[in-house]
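Several structures are given next for inspection.
In the two complexes that follow, chain A is the common piece, with chain B as its partner first and chain C second.
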Partner chain A sequence: MNLDIAILLIEDGLASGAIYVLMALGFVLVFNVTRVIFVPFGDLVSYAALTLASFQLQRTPGTIWLLVTLAALAILLEVLRLYRIGQFARLPRALVVWGVLPLLPVACTLLLDGFALPSYVAIPLTFALILPIGPLLYRIVFQPIANAPVLVLLMVSVALHFAVSGLALMYFGPEGMRTTPLVQGAFDLFGIAISASLLLIVGVAAALSIALLLFFRLTLTGKALLATASNREGARLVGIRTATTSAAAFLVAGIIATVAGVLISPMTTIYYDTGLIVGLKGFVGSVAGGFVSYPLAALGGVIIGQVESFSSFYASAFKEAIVFAAVIPVILARWLWASNAHIEEHDEE
Partner chain B sequence: MSAFLDVADVSVSYGKLNAVRDISFSLDQAQIVTIIGPNGAGKTTLLKALVGGLPSTGKVAFEGHDISRLEPEERAECGIFLVPETRALFADMSVYDNLILGGYIRWRDRAGIAHDLDQVFGLFPRLAERRTQQAATLSGGERQMLALGRALMGRPKLLMLDEPSLGLAPIVVREIFKIIAGLRSHGVTILLIEQNARAALETADVGYVLETGEIVHRGEAKALLRDPRVLETYLGGSSQS
Partner chain C sequence: MSAAAIRSLALAVICLAMLVAPAVLGDFSVTLLNYVAIYTLVALGLVLLTGCGGLTSFGQAAFVGIGAYATAYLSTTLGLSPWLGLVAALVLTSVTALIIGVITLHLGGHYLPLSTIAWGMAIYLLFGNFDFLGRYGGISNIPPVSLFGYRLEHMTQVYYLVWIAVGAALLVASNLLRSRQGRAIRALRGGEVLAECLGINPFKIRLFVFVLAAALAGLAGWLYAHMQKFVSPAPFDLRAGIEYLLMAVLGGSGYVAGAVIGAAAVALSKNWLQDLLPYVTANSGNLEIVVFGALFILLLQHSRGGIVPLVLRYLPQAARAPAVPHAPSADRLPVRTMPTAGQQLLVLKGVSRSFGGLIAVNDVSFSVNAGELLALIGPNGAGKSTTFNLITGVIPPTSGTISYGGRDLTGASPRVALAAGIARTFQHVKLRPAMSVLENVMLGAYSRSSSGFLAGALRLDRAEEAIVRAAALRQIARVGLAEQASTAAGNLALGQQRLVEIARALVADPSMLMLDEPAAGLRSREKAALAELLKAVRDAGTAILLVEHDMDFVMRVANRIVVLDFGKKLAEGAPEAIRKNPAVQEAYLGGVA
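Coming up: the complex of A and B.
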């Protein structure tokens, strides 16, 4: 290997690492607030990429049928709940939140069907179509079992992944799609060629990470999410609606998945099931942070990107195996570190 | 039926075990009511059921509205706050953030929240000194101050306190009870569970004695203080000391 190849690999690793950082942050966020390991998170990346690609091919994205189905189920559940607690006065609000809001982008999509949409319309519309999916999945699947043990939530989450991914196969077909690049060209930095798309990916991922940080530090909604993660009972006692903050966590995850999907779709061909692998690598990154720490999860994402890039050069057949095996030493190290800390704590007592 | 809080036939069971059985009582506004009783009598269970944290049967009406089927967060919006025995603080967040989140249900009222924050810091100067510190790093007494302060930030109409003096130094306990008495004069109704039965009955207007999930005595707090049965069992009367 010479320096040029190394630089190329590092750049490649940075681009995919930036995506894994975003995914890792999303996993940690959703898990902390709701205790759900959101396996279908990666599927949302596929949905976002395939939705945008469909727009570019002037096809109707199958996402709209997913939204219609989910909205109908959510409204049904909400009507049943309001009937049970005898609070029918809240029905209009529930209809707006679970019916009108998710179906608005569907209506827009159907109205614009068949037109060649420029990026500045197609991308926002992709966001509008993907964002409601997370909260809807939460409302339908996870909210009714919000107090179940983590293992049950995980099993349900895996099952949900197969359902969502299977529907993606039905809606988008087995063939892959790739979107046209958002930016083109490259420029020179101290003799190193840096492509504009790398800069875009790293820049957007960094900006989104910082935006998340500010959201948690500065806004009351962000603090309410952290509070739900920190102490669910305490959050409910001060009047934080944990169902709402949980749905909000899924909404933020939807934003992250859409950003990731839009960013990677020009880099690589996306199939209905590509998202799972992307998500799993982000998941490996978040394991590095013990599923608790955001900075460590982000660092894990960066490292996974590099490991993947270099292993694809040295042993491309074992690329995925190396990436997923990398989680074992991390878990061991965390376990050793945690048990040491535990012993020290006991010594103090 | 126009009592401030009306509890009718509330029962809670854990599987086959009835932790609380057919409890009925009512509270008037700006009253301090204390529930005393031995460990395992169902006091904490009762409070948890009243804030909606445990599934229960029976009826709970607050200010004339049936709240039996409301979620805890909805009861908080009605003005019912519980400071649980565990304190349920946001351990990895700062003292300041914990207090701000206490005012979550009235987030639109920025000026009011800033004013109440000053008041809480006035009541508990220790919290003001530690406002940027993580809640997890506080001492036991400071945590209980923070839990009480956080509940006050929500401007409770009904404040339920589960063992507010647990593990506190006597001087802090006196402070806390002074604050509780002060809250009543501001119109806050307080439902207090205390193992320190004497301090509780001295502060309260009305007292209930709970044993194995049922109310066995009730009466004016001052009268209960002189009641020989209560005296003997809970106030370390003739048999102990």
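Coming up: the complex of A and C.
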């Protein structure tokens, strides 16, 4: 290996590492607020990338059918709940939140069907189509068991991944898709060529990470999310609706997943199940942060990007296996780090 | 007919039906049953791991793969006997699990299941990328198993092999769960503090169950390879891993029978979906996994216990909780020589503990003498329970020293404290609600008995079990719960649960008994009986350290009282002197008006 190749690998690793950082932050965010390890998070990346690619190919993205199905289920659940507590007066609001809002982008998509959409229309529409999925999944799947033990939530989450990615296979088919690059060209920095798309990915990932940080520090919603994360009961007692903050966490996760999907789709061909792999790598990164520390999770994401990039050079067939096996030394390091903490007690039956 | 007779009759009928099944059923059904058997072995591992031990693994399919590939490689490329393949499959899965387990099983909570996703994925990817394992094409032409020169070629022949394996595995697993180490496995679920305080090494137990579950998966893989005569990576991916977990949860993951029922339910419904879905949609292969995911979510949302508990609810009481065989045993467990009365036993010197900025226990010194009952009292938040946790090693002190019988216990683990002779109860009762009162109390004798995993699995532990059972029943009778010995501990009232904890602590034969609010939740007659019991225990030579809020109770039983307030020792002395101490009155009543 010479220096040129090393620089190439590092740049490659930085680009995918930036994506993994976003994923790691998303995992930590959703877990902290809702105690759900959001395995289908990666699937949302696939949905976002495939939706954008469908627009570019002038196809109708299958995402709309997912939204229609989820909205129908959510409304059904809301109607049942309101019937049970006898408050039908609140039905119109529920219909707007769970029906009209998610179906608006569906209507737009159907209206624009068949037109060649420029990026500045296709990308916002992709966001509008992916964002409702997170809160809808939360409402249908996780909210009814919000107080279940973490392990039950995890099993549900894994099962949900299979359902969501199975649907992705039905909607988008087994073929992969790739979107056209958002930016072209390269810069020269001290004799090292840096592509514009690398700069875009790292820049957007950094900007989004900082935006998240500011969101938690400066906005009331952000603070409510933090409060729910640190103590659910306590947050309830001071009047925070934990169901709302949880749905908000899934919404933010949707934003992160869409950004990741839009950024990653020009880099590599995305299949219906690519998202899981991307998500799991981000997850390996977040394990480094013990699921609580955002900076450590981000650092983990960067490292995973480099490990992947270099192992693809040395042992390309085992690239994926190496990245996943990396979780074991990461966990070992975590454990040695925190081994003086006292016995963990989890009263779960 | 007695409940036991009904059980054996039912078992005999099932065995007979299994024996004649291949003669009655067609080839297709026999094949399906063979798959059920193989799934059952994997699900059984998960029943032990998840349902009993509280550890979740999404990676079991990878262990099945290791077993299958090990024997496939050995019997094709190397041309060795499938029986050597069995040895290789079991050794390789066990060693892999041992290595992964040593690294990951220290992790609590959600780390472990998540890491299983990662290594499960890594192992699966390895199968598809090794040249010598045939990459994604796999290995074909695997020979069938031969038994006494008789080749088990046909599905009906394999049927007997797989179901004998299942029968043996079920027997071993249910023996194990009813043994000393099996109780330890079941005690892990719901937190490790209790296990540590009972002298159980949680890591060792977890590691054992993890390796056992992997070995069961390896056995399943061996059977699978020689039944299919072909292996490829696909059946060992994460999707298969979650299906195995679904089987265990669906069946009822705390029950051995749940493994069979869950495996059968999943295999049959999969088969049924494959028949049905093509009528609904063109790409039914994709919908299958969607339907499965949705069903699993519904199951976890609405009936987390699984099928077995649902069925048990409709069975008569006798079939559910077998009567306790009351066999008085002539032999006794080894007994501790009690320290001579009056000798200094427990000594705390300048012990402090802070949590962040809060000092919960501040420079506390006192001692407990052999044969005395010392009460530790103080208002809420005075640091009594923290002191208990410091003495028993649940948390280490920030500064100061703790010694017991001349031995330094500062910062020692709960297991060391127990070995030194300290047994305790908990302010927030720590029982295993699904286990019977008897089983909970028998857990207390863990540190006094020695049967290992193998002895338990093969029922070589019956003599010791009888002694332990008799010892447990004696203590249960002593706290007045003889009638409830076979009741599930979770069904007792809170006060009675506290008594079960006392019986459990007494079975450990402690030289000092530590009771955290034992009288809370008891009625006055029960309190009087408890007071008599404590006096009797003390008079037999066991020192008692008591935390209690009921002052009448404390004054009735205590020889000496130590008062804590805001983490500091406020006073120490005889009950009468404490009652008259103005500082104590101030602390309790907020000053004499």
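By definition in this document, the second predicted complex is superposed on the first by the 340 of 349 C-alpha atoms of A that agree within 3 Å, B and C clash if a C-alpha of one lies under 4 Å from a C-alpha of the other, contacts with A are read in each partner's own complex, and residues count from 1 in each chain.
Operating definition for what follows: a residue touches a chain if its C-beta (ideal position, glycine included) is under 8 Å from a C-beta of that chain, and two chains touch if they have at least 3 such contacts.
Predicted model, so just to flag it, every value in this text is computed and none were measured.
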| said: Contacts for A:240 in the overlay, against chain B (first) and chain C (second): which applies, first, second, both or neither? | reply: first
| message | If we overlay the two complexes on their shared chain A, which of chain B and chain C does A:223 touch? Say first, second, both or neither. | response | first
| message | Is A:210 touching anything from chain B or chain C once the two structures are fitted on A? First, second, both or neither. | response | neither
| query | Does the superposition put A:231 against chain B (first), chain C (second), both, or neither? | reply | first
| Of the partners chain B and chain C, which touch A:6 in the superposed model: first, second, both, neither? | neither
| task | Specify the partner with more touching residues on chain A, choosing between chain B and chain C. | result | C
| query | Does the superposition put A:186 against chain B (first), chain C (second), both, or neither? | reply | neither
| message | Quick check for you: in the superposed arrangement, does A:57 touch first (chain B), second (chain C), both or neither? | response | neither
| message | Applying the document's contact rule, which stretches of chain A touch chain C when the two form their complex? | response | 37, 141, 144-145, 148, 150-152, 154-156, 158-167, 169-170, 280, 283-284, 287, 291, 317-318, 320-322, 324-325, 327-328, 331-332, 334-335, 339, 342-349
| said: List the residues on chain C that touch chain A in their complex, please. | reply: 54, 56, 58, 100, 103-104, 106-111, 113-115, 117-119, 121-123, 125-126, 129, 189-193, 196, 239, 242, 245-246, 249, 283, 286-290, 292-294, 296-297, 300-301, 304, 394-396, 433-434
| said: Quick check on the complex: what are the chain A residues that touch chain B? | reply: 84-86, 220, 223-224, 226-227, 230-231, 233-242
| field | chain A-touching residues of chain B, taken from the complex the two chains share | value | 51, 53, 69-73, 76-77, 81-82, 84, 86-93, 97, 100-102, 104-105, 107, 150-151, 153-154
